[in-house]
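First up is the structure itself, then whatever we jot down about it.
A, B and C label the chains in the order they appear, each numbered from 1.
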Amino acid sequence: MYSLAVGIGTKNSKGDWLEVYYPQPTINLDEALVTSISSVIDYDGGNVAIDLNDAMISELAATITDDATKETLTAIQGSVRPMVLTLLESDSKPTSTPEVYLKLHLLSHRLVRPNETNLDDLYGLLPNVAWTEIGAVDLEELTTLQINTRKEGRVLEVSAVDKFPKMTNYVVPTGVRIAHSARVRLGAYLGDGTTVMHEGFVNFNAGALGPNMIEGRISQGVIIESGTDLGGSASTAGTLSGGGNIVITIGKDCLVSANAGTGIPLGDRCTIEAGLYITPGTVVQVLDENKNFVKMSKARELANRSDMLFIRNSQTGVVECRSNQQAIKLNDSLHAHN
Amino acid sequence: MYSLAVGIGTKNSKGDWLEVYYPQPTINLDEALVTSISSVIDYDGGNVAIDLNDAMISELAATITDDATKETLTAIQGSVRPMVLTLLESDSKPTSTPEVYLKLHLLSHRLVRPNETNLDDLYGLLPNVAWTEIGAVDLEELTTLQINTRKEGRVLEVSAVDKFPKMTNYVVPTGVRIAHSARVRLGAYLGDGTTVMHEGFVNFNAGALGPNMIEGRISQGVIIESGTDLGGSASTAGTLSGGGNIVITIGKDCLVSANAGTGIPLGDRCTIEAGLYITPGTVVQVLDENKNFVKMSKARELANRSDMLFIRNSQTGVVECRSNQQAIKLNDSLHAHN
Amino acid sequence: MYSLAVGIGTKNSKGDWLEVYYPQPTINLDEALVTSISSVIDYDGGNVAIDLNDAMISELAATITDDATKETLTAIQGSVRPMVLTLLESDSKPTSTPEVYLKLHLLSHRLVRPNETNLDDLYGLLPNVAWTEIGAVDLEELTTLQINTRKEGRVLEVSAVDKFPKMTNYVVPTGVRIAHSARVRLGAYLGDGTTVMHEGFVNFNAGALGPNMIEGRISQGVIIESGTDLGGSASTAGTLSGGGNIVITIGKDCLVSANAGTGIPLGDRCTIEAGLYITPGTVVQVLDENKNFVKMSKARELANRSDMLFIRNSQTGVVECRSNQQAIKLNDSLHAHN
């Protein structure tokens, strides 16, 4: 079995799921666990989300063989909001809101890495809701709630109107700092030792493997490897590179400086100087370790190489790719592809 | 009559208005409606804000000919905060806090577009307040409240100290997503189909007509037309262009890429490459569809033209204005003005 | 004596301090005040944080010679959270959480300027906590609280996971506007007349002397002097300049335009054009007031000079340092150093 989790969620007045919170999702289950669940609830295989009540929870907690799930069952019992058990036999395309939420949890709990779980067509399964201190609110039910809260002398704080909630209201992984949590969506992957500063942003199905300093924007699908620093307002473009739809990755020990950006994946130990944006189509002058001209190249042809230093020469305006000072393995790599 | 609305507001301990929330403002009223109101409240014309009590509300709700206002009257009745009816005979310069708030609501409810309602000298009518979960708090009354909330083991969350609140605590227009609501002020205009991502920002009296993807900053007075994408951290400068104080607009189907910016208004189907900032004084090399030199031009002279592609040539450092690949009508337009 | 304050704080379940709120910290105390405190609490000198109870507070309030502290004592009495008196004999390296919090308060209360108080090794004394509407929460205690809040149909809003809280939940200095308070850390210094817009950011031990318009990022240690405008997404790099670890300051009446940045300190009346990032190593073409070439210079050699205008020539791609139009004292200064 692929994944199991129990949680508390929110439904609108029509009974449709708006979101689900799973405190302790699990992955790669043994069959004994599934059997113990099947003895209590009606499960015939496939990917399902089953509404729970307190009686079912008591029975499940007594039967289930997994300690984490047992603990969570006991913890959520008695909730005034609906409780749910979501069981995924396989990592296929999601078909329900609880299923998408479970997969977003798997990412933020570091049980899968970005691009490792099937999120096809997830947008249609994620309702756009108002995120407030009482949780998700259906947009059709919002105004009445806002007026009623006002009448009582308070404000219903609508912190977002979106398909995705902030991650920290669902899980705070160990060893991270997130200076402003509104900038990290549920479904972000933040490895141990990662700091996301106020200007940092991490989309769902994207992240930093840690340790990292993230002060720029990690777009959907992008992975930042360990030791890399993404400077303030630095941009990582989800992009077609070299003609294909490839996964953008920034390797280890790179520095994408403040206000810089990249539209190509980078290998290890690369630097982009502050304020410079490298798009796939940028024509770059490649220099060797002695700063001698090697060739002109489209940036997309340099994708995934290591030890590159990108600057715009301030005396000529030319965008150059030099050997990074910390390592001069660049040109071997470049010449090999000439 | 220009506009009518009833709402719930906040006054400080001196009795001064700090803000007003109008759930359903109306515009361009017929005279019958005004007459029905005048039969209940003392109204001699002009732009007024009249304090309401529950008895007046009952009487008004029984009399008034407008369904939306009747519904709102019933909904707000019984508020512990002060209730108000604001009636604007004309769109003249605002003279009170309730009046400014009504105009900001008109914008966010899409009843007027940016620059269509008179907001002259609004700053003086908007008190600078602390925005908290109990609403607007007078800054002189804040510390005592903060201490008292602390004593009870909670925190009074001061999410802003500003003259403008966030829009979503007042209205969430249909068909929008706002990933982080602190970035959209009341008075923003967001058309149907607009997504404002975490890095997006929309000031009051500014907006996107929709559908749009907004990941950059829309400054006061700026309008973004349908189909245009404002990339992450992209900047739209409120600016003097060509010597006059003109309204900045970005036309349809444009792309202002990540970390780019413009200080000139753009027509339709324009693109500014990632990381490039076009100021009115930028000297631009204009090229025709065959990339042949046409002329040098200050960017302000290119204001409002369509089908322009701005790049900084990475091999020469020269800022170029090329014909946008999607449409090559640019040069006809340019030549006509030679 | 260096500083005294009384406040309300939060401890985790182990009894460790997580944070302290001091409503009215004081600095540069006379000895009479210390004597009046010593008559009530056991104080033998040095820098100490002493837990208070209601009885001690009554006694202190009756004895103490300082009106502000007396007022605060009375105000906090009865708190359900722990109360503390922190007394710093000297401005030495902090040794406890209450001591660091007091120094951060001194900065935000404008009692000291950035870089004027000893914050050595503060990170180790600041626990990383979840910031919520019930205050600081120990990360080990968070999940249980989140589940329990969920069961009651609410959400525990985790607005940050960080060592520093937002300033406005501790102090709102007079005469400021902060459009989005999550962007200003406790320990920021905001002078009277300063506006921090949504895109502005101010780290601890950093700030703007006021009046200023801050729409960009003020890094730790950086000071912005009066009249200077930091544009949207503008970056100030904490940096080595000229080989030493110097304090970055931006002088009076400067304009660092939108999406621009500086890695060198600037004197007065300097401008950096929109989108241009000046790093210490940028080679700059220095021009005189007639735009004649003077010399090539590394930007770090221009550090702290006044009346500089930095642009990247859009016709050549060369980064130039021109005399700022508003003042042409630049070149005298430059020539003097030739």
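By our rule, a contact is a pair of C-beta atoms (placed from the backbone, for glycine too) under 8 Å apart; a residue touches a chain by one contact, two chains touch by 3 or more.
All figures in this text were calculated on a predicted structure; none of them were measured in a lab.
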Subject >> Copies chain C and chain A - interface residue numbers shared by over half, same or different >> reply: different
Subject >> Cα superposition of chain A on its sequence copy chain B - rotation in ° rounded to nearest 5 >> reply: 120
**OP:** Calculate how many whole Å lie between the centre of chain A and the centre of chain C, each centre taken as the average of the chain's C-alpha atoms.
**Re:** 31
Subject >> For chain C, residues contacting two or more additional chains >> reply: 133, 159, 182, 233, 259, 275-276, 312, 316-318
**OP:** Using the touch rule from the top, collect the residues of chain A that touch chain B in their complex.
**Re:** 128, 130, 133, 139, 142-144, 146-147, 150-164, 182-183, 185, 201, 217, 233, 235, 237, 259-261, 263, 275-277, 279, 282-285, 296, 312, 316-319
Subject >> chain C-touching residues of chain A, taken from the complex the two chains share >> reply: 8, 21, 23, 75-76, 78-81, 132-135, 159, 166, 168-169, 172, 174, 176-182, 198-199, 231-233, 257-259, 273-276, 312-318
